[in-house]
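Next, two complexes with subunit A in common: one pairs it with subunit B, the other with subunit C.
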Partner chain A sequence: MNLSVWTEVAPHAPVLLRGLLINIQLLLGLISLGLVVGVVTALIEVYAPRPVGIAAGAYTWFFRGVPEIVLLFLFYFGLSQFGVPVSAFFAAVLALGLRSSAYQAQIFRGAFQSIPHGQMMAARALGLGRLRAIVHVVLPQALRLSLAGWSNEFSSVLKDTTLAWGIGVVEIMRQASYIRARNFTLTLPIYVTVALMFLVLTYVGNLAIGLAERKLRVPGLEGQR
Partner chain B sequence: MALLRVENLHKRYGHEEVLKGVTLAQDAGETKVVIGPSGTGKSTLLRCINRLTEPDQGRVWLEDTEITSRRTDINRVRAKIGFVFQDFNLFTHLTALDNVRLGLMKVRRMPRAAATGRAMAELERVGLAAKANAYPAQLSGGQQQRVSIARALAMDPKLILFDEPTSALDPELIGEVLSVMIQLARDGMTMIVVTHEMGFARSVADEIVFMEGGVIVEQGTPDKMFRSPEVPRTGEFLRKISDLYGESR
Partner chain C sequence: MKVVGVAFLMAVLLAGCLAMGQPKYIVLSDIAWAPFEWVSEKGAYLGFDLDVMRAIAILEGFEIELRDTPFDSIIPAIIAGRGDIGASGFTITEERALVINFSEAYWDSNQAVVVRAGSGLDLDMVALPGRLVGAQRGTTGSFWIEDEWVPLGVTLVEYETYPEAILDLLAGRIDGIVQDVDPSKMAVLQYKGQIEIAGVVDTGEQFGFLVAKGDPKELLPRIHRGVAALKDLGVWDLLIEAYFGPSLGAIESAWEKCIDILLVDRDPLRYAQCLTAELRP
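Moving on to the complex of A and B:
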């Protein structure tokens, strides 16, 4: 690849960035959905009565076991089949978000279980109800502990947003394929550009999470990076 | 009428009956020290009083509230009974001040400023006002236990239960915790203290309760228990722990 190739790629950058913006939107949507559902699932797995806990276990088993692309197709075509018309974007957020929730639940579950039971007892002894003790004592500590694992999940789902291409979301991979269709000589440089964009995004994201981790660190407490 | 009444408390774990009918009464302002060999049910007894552990049978009253009644709002009762644990159980993500303030703000719904004032006063009382902004991991064991005592005191408890409050501490840190507790007893706080610190028992206990095998073997004033126990086993046990733990403190 000589220099002239890159001058040819440059004009396409805005379109690629527009595509990337969709990936970022997918990411924000799916990771928030995954966070909320993941925390709730973990809470259920750790604290709820057994039958409910087993149901939550089955839920994570399903979403961890089915390939992402299959989930995307199931949600996109499945929901419209059942008379729920969904946009490809929404189906992607839902499928990838619920899948992420299953992984995030694993992370949070471990964190919940690692908070010493004595602190829960102390909170209950003060007169806090079970849920309020969880909210005020266990949750803030567990979320902190989860940040390291969560940063892995973040990098992983960031990249997974490109799979939305498979159900027709016009994100960066789809934009790249449009450009390539018009000019095959750009195939490699375009994908190199896409790769670079993701590398930068992953770097920035992890930097932000690292900062949050440092900011939330509890002074004197060991076992936290 | 007694402040606390415990009647015929039973608790079973699997095949093992840990409490086999414990009955006791405690007046306001009284300090009881509970002693007994390991595995005798002392911790279980304390936890059954505020139902951190559900007893299988028997009743507990705090004044005219039956704690063990299904209709009692257990969280309201617990707010009136302080509990100090062997390993402190401070909330590790909160400063000393926030540890003491949490119950005031979240259980007693006190406004932040008032809660801060009250919490600082309690930290002052245990000699830790200067450490208000320290996190538990930055405090020594003795300091952590004093914070946990301040956390209990802040709730204005009618009664505080101490479960071996100095057993997890290095010997040189035991004194600072005991002296806080001695002061509390002298100030008229009602306390049940599971401990083997016989110096503490001798100087402030109104009554020593000797438990073994899930029952109260004998109870009485320190004088009676040390000098003329009715049950031989009591004297034997008291001599043993006095040898082990000394009476210097």
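Moving on to the complex of A and C:
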């Protein structure tokens, strides 16, 4: 790859960035869906009566056990068989988001369980109900503790959004294939460019999460540096 | 005067209703396979298949929505009711015909075997035991290698896309690639002096448009009438002249200049004439 190749790639950067914007939209959709469903699933797994807990366990087992690309196909082609014609974008958010919720549930479950049981007993002794004790005492600490593990999930699902082109979402990989289809010689440089864009994005994202972690830290809760 | 005015208004309303009442069908295409379908520098969908579909829709009075779909997903999508017509250079095969219906063939395409320039390989030498030959997954090229060359001892290497196969060919990881003649010619043009066509395999293969099994929306008769009309009008040959030969960049700028004649004026013949006129030296 010589220098002149990069001057050929440069005009295509805006198109790739437009694709990347779709990846970011997918990310925001799927990670917020995963966050909400993940926290609820983790709460159920830890605190709900056994049968419900088992159901939540089965849910995470399914979404952690099926390959992502299969989930994408199941949601995109499968839902329309039942008369629910979801768009490719929405199917991708749903499939990747629910999958992420299963992983996030494990992160949150670990965090819930790491809060000493004595705190719960103390809260109950002070007259808080079980639910209020969870919401006001356990949850705020557990969510903070989850951030480190959660940044891992963030980096992972950010890159997973590139799988969405398999069901026809025109994101960055699809844009790259358009460019490639009319400039065969740019195949490698285009993918190097895509890789660089993702490197920057994961760096910025993890930086933000790291800042949040430091800002939100509860003094005395975890091992102090 | 008033009567005329009212009549005019009624006519306009009626025309509006007719246009509104036109059925809309979803056309699926893997829009990364020039010159049959690709995305221009400015993001427009163009190519032979797509313009043919647009022209047929105009002649037969329906609307289409082009939806870009990866090749392997088009047939599943049509089976699942996520699209109505597949227009993506589909080779007519018995296996595919089991699950969807094909239109009459609209294109003859044989397979070209591309090798590194100066490798000195001809067709017989590519088909020797121990050779590695690449093809795009799910295409006729890969089926053909599987059926004809693998029994001779050739190993088939499959790729998600054609450009990836070319990269591996250039890197020396495979000895040749089997792909349709027209995309192969384009690749040779783009990689001038690096790859060449060793020969053309006469597979007798033909392309067809495809619709759901049993053609529940009765689209095939309309497609057939449309293709016949395009041929009668001379549009068909003009589109072939425009799309097969000139460089992609030249086609894109001609297309941009002319496409409104097709989409706004809805005149396929004048559009095809404009396109070829722009492209003639």
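Keep this in mind: the second predicted complex is superposed on the first by the 219 of 225 C-alpha atoms of A that agree within 3 Å, B and C clash if a C-alpha of one lies under 4 Å from a C-alpha of the other, contacts with A are read in each partner's own complex, and residues count from 1 in each chain.
The working rule: contacts are C-beta pairs under 8 Å (C-beta built on N, C-alpha and C of every residue); 3 or more make two chains touch, one makes a residue touch a chain.
Keep in mind that what you see is a predicted model, and the values were worked out from it rather than measured.
*Asks:* Sticking to the clash and touch definitions up top, decide whether subunit B and subunit C on subunit A clash or fit.
*Replies:* Once subunit A is superposed (C-alpha atoms), there is room for both subunit B and subunit C without a clash.
*Asks:* Considering only the touch criterion stated at the top, classify A:198 as touching first (subunit B), second (subunit C), both, or neither.
*Replies:* A:198 contacts neither subunit B nor subunit C.
*Asks:* Pick one for A:108: touches subunit B only (first), subunit C only (second), both, or neither.
*Replies:* neither
*Asks:* Considering only the touch criterion stated at the top, classify A:129 as touching first (subunit B), second (subunit C), both, or neither.
*Replies:* first
*Asks:* Applying the touch criterion given at the start, work out whether A:63 contacts subunit B, subunit C, both or neither, answering first, second, both or neither.
*Replies:* Neither partner.
*Asks:* A:75 in the overlay: touching subunit B, subunit C, both, or neither? Say first, second, both or neither.
*Replies:* neither
*Asks:* Given the touch rule stated above, what does A:144 touch, subunit B (first), subunit C (second), both, or neither?
*Replies:* first
*Asks:* With both complexes overlaid on chain A, what's the closest CA-to-CA approach of subunit B to subunit C, in Å?
*Replies:* 50
*Asks:* Could you list which residues of subunit A make contact with subunit B in one structure and with subunit C in the other?
*Replies:* none
*Asks:* Residue numbers of subunit C touching subunit A in their complex, please.
*Replies:* By the definition above, subunit C touches subunit A via 31-34, 38-41, 43, 67-70, 73, 76-77, 80-82, 161, 163-164, 166-167, 187, 190-191, 248.
*Asks:* Applying the document's contact rule, which stretches of subunit A touch subunit B when the two form their complex?
*Replies:* 116, 118-119, 121-129, 132, 136-137, 140-141, 144, 218-222
*Asks:* Could you please specify the touching residues of subunit B with respect to subunit A in the complex?
*Replies:* Contact set of subunit B toward subunit A: 50, 52, 75-79, 81-83, 85, 87, 89-93, 102-103, 106-107, 134-138, 148, 151, 155.
*Asks:* Under the touch definition given earlier, write down the residues of subunit A that touch subunit C in their complex.
*Replies:* Subunit A reaches subunit C through residues 11, 15, 73, 76-77, 80-81, 85, 165-168, 170, 174, 177-178, 180-185, 187-188.
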